[in-house]
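In the two complexes below, chain A is the common chain; its partner is chain B in one and chain C in the other.
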Partner chain A sequence: MEVYEVFRRAGHKEPFEHCGAVIAPDSDMALLMAKECFLRRREGNHIWVARRSDIHSFEDESLLEIAADKSYRFAEAYRGVVDKREKARRRAQEIASS
Partner chain B sequence: MSDSLVPLVLSLADDELVLGHRHSEWTGYAPHIEEDVAFSSIAQDEIGHATALYQLVGELTGDDPDHLALGREPDDYRNATICERPNGDWAFTLARHWLYDHADSVRLESLEGSSNQELAALVHKIRREERYHLIHAEAWVKRVAHGPVEGRTKLIDAMAAAWAEIGGIFEEIDGEEKAVYQGELPTPTAELHRTFQERTIAALDELGLPTEIHSRADEQAEFVASSSGDLIAGRESPNGEQTDPLSGRGGRRGKHSGDFDQLWETMTGQYRAHPGARW
Partner chain C sequence: MTYEEKLARFTDKVNGGDKVETTDWMPDDYRNGVLKFIEMHANSEIMGALPERECLPAAPSLKRKMSLCAKIQDEVGHAQLLYRVAEDLGKSRDAMYYDLVTGKSKFHNVFHYPVKHWGDVAIIGWLIDGAALVTQAALLDSSYAPYTRVLKRICAEEQLHLRHGEDITLELASGTDAQREMFQEALGRWWLAIIHFFGPRSNVDKDLLLRWKVKTRTNEDLRQEFLDRYVPKVLELGFQFPTPVPFHDEATGHWLINEDDIDWGPLDAIKKNQGPETARRLSTRLEMYEGHRWVREAMAEPSIAAA
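The block that comes next holds the complex of A and B.
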């Protein structure tokens, strides 16, 4: 018997989301178990199972912490760019017409 | 404040900025889209480290960090020449990335114990990201080293080329004796270099990559130290000094290769064209 992680999708445009785990001897049986346990009240229209041992992660999760300033990855860092661009465009027109 | 701290921090900052700039040239061209994002992210990390290090220099000298990064003349930059070499192919980029991040890790381990508290704290922060860079470099080099013969051959050649110049990272820094005496640099560069060599030669051995050529690299003239395949001429400076293509030394004294001029033009062009402009 193995542990299978279960993912289900609520609608065609939704992402698959983890919803739990089942214990089963193989993937076919895991799907049946998952359907019974996690799709019994129309929670979704599609289901995946994956062996827990096939799921990989970092042994050291501190690698995922962001150590330094990464503000440039966020939209707030670029606030005011539209205004600045507009200002630059006006300035270019002024220069062209003078 | 100490006058031996400035050249030390500046050499770290310039290495990170210049290599970060080279790394960023892969944006849009890396072997596949996921790696494009990953490598660009590493480039941004390196430039972020440079920014923080220039800020530290600025606190010591009163200079504007932007000016330090982009407003100096080529001869004022203290980066090791290995950082300024063109990317060439992916193999050279990987070999340099792997060697540089090993070298960086050796010196940062030592600098985390610097007597200068600000530098020690900053290095602690930087090391958290550099640890990941090394994991990234190791993952790639391992796969290419154990992969098909074409990639493996390219990697061996690239490693020999990069190895010939990587020693420049450990070239003596201006005022080093004082920096060591005061504990700002807890370990002399020559000793860091030895640690680096022991560590990388053992790692190359484990990867099944040739190491005997590396240990003889200093005496062997047949290795080209340029990713483009050209022999490095070494730029004549006004006082007739040249960069040494086989050891990669010179950078810490502001002696750079012709490749640096091209990089400097691109990297600083915008800043020089619009003095004082703000983003």
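The block that comes next holds the complex of A and C.
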């Protein structure tokens, strides 16, 4: 018996998402168990199972932290648009009236 | 890193509201506490299927029978999800099932009681599932993340069970005198057990699960939320509560019960697995465990590709 991780797609426009795990002797039985456990109410239109031992991940989660300040990758870095637009408008008027 | 350093780091993490994953380092008493807690939850789901199963022949129509069947299947499904999460903490499903059927581990108090008629289905589906939903919703923010992920699904289904139970209750409540009496009689039998369901007052200093934020709220806090939510709904339908009778406290706006009125004797017996139906229900589970052994064994064999 092995642990299989279960992934489910809620609709054609959605990505597959992890939704749980089942224990089974092979992938056929894992799919059957996954269907009974996670698709009793049309929660999705497709399901995947993968052996837990076939899934790879970082052992140390801290490696996933962003090493330096990369705030420019986030929308928060571009705030104050109203003020900035106002400033630009004033500058444009300045040019027009000179 | 020394054990003390690891422990200090873990404590800071949990106190800061961070979540714990199966693969993270955790102190043994956290692992054992969470395992025992989830195991009991799983046991309760699978044992909870039995009282309702006993009510199936009393279903008043085919539709009611089918919807109750589906609900029972959901409860067993919840047990499957929970046992899976518990297994990852280091105890096999077989060991958990064995401890359950041999009376070594525990399941919730309400499933140690007999059922008598269809009114019990209304009480179980509405008030007991309502009580369970209050406690389970509070666990959605538990520090053990894999538990919260399965609880999300469980709570969504419990929400549906609640509507199912309320629907049956409202049908009885708007029916004949005999139908109303079914609900009233069942309420009289179940009320104390429902109050017990939340447990005695929590000992905040001693409760390891509260300290590690596995549980997020005290027993009395959850019981209070249940009383405030359900007592007015029951009274509105014209039913009466037995002891401990809830009363409205004008000053706080809460529905209270006099804690001195609670007889904890029956709960103490159940904690020793000596409830009125404990032995019979466990022997039913044991019979199924033995009778279904061949199914488990057949399913454990990898399938052979057809020639």
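Some points to look at:
In the analysis below, the second predicted complex is superposed on the first by the 75 of 98 C-alpha atoms of A that agree within 3 Å, B and C clash if a C-alpha of one lies under 4 Å from a C-alpha of the other, contacts with A are read in each partner's own complex, and residues count from 1 in each chain.
As a convention for this text, a contact is a pair of C-beta atoms (placed from the backbone, for glycine too) under 8 Å apart; a residue touches a chain by one contact, two chains touch by 3 or more.
Treat the numbers as computed from the prediction; the structure is a model and nothing was measured.
With the two structures aligned on chain A, chain B fits next to chain C without clashing. Applying the stated contact rule after C-alpha superposition, one finds that A:29 touches chain C and leaves chain B untouched. Legend: residue contacts after superposition of the two complexes on their common chain; A:65 is shown touching chain B, with no touch to chain C. A simple residue count on chain A separates chain B from chain C, and the partner touching more is C. Using the contact criterion defined above for the overlaid structures, shared-chain residue A:11 touches neither chain B nor chain C, since it reaches no partner. With both structures placed on the common chain, the touch criterion links A:20 to chain C but leaves chain B unconnected. Minimum Cα-Cα distance between chain B and chain C in the superposed model: 18 Å. Residue ranges of chain A in contact with chain C, taken from their complex: 1, 3, 19-26, 28-29, 33, 36-38, 40-41.
Contacts from chain B toward chain A in the complex involve residues 44-45, 48-49, 52, 125-126, 128-129, 131-132, 135.
Chain contact summary for the complex, chain C toward chain A: residues 73-74, 77, 80-81, 84, 87-88, 93, 149-150, 153, 157, 299-303.
Here chain A touches chain B in the complex through residues 62-63, 65, 67-70, 72, going by the rule given at the top.
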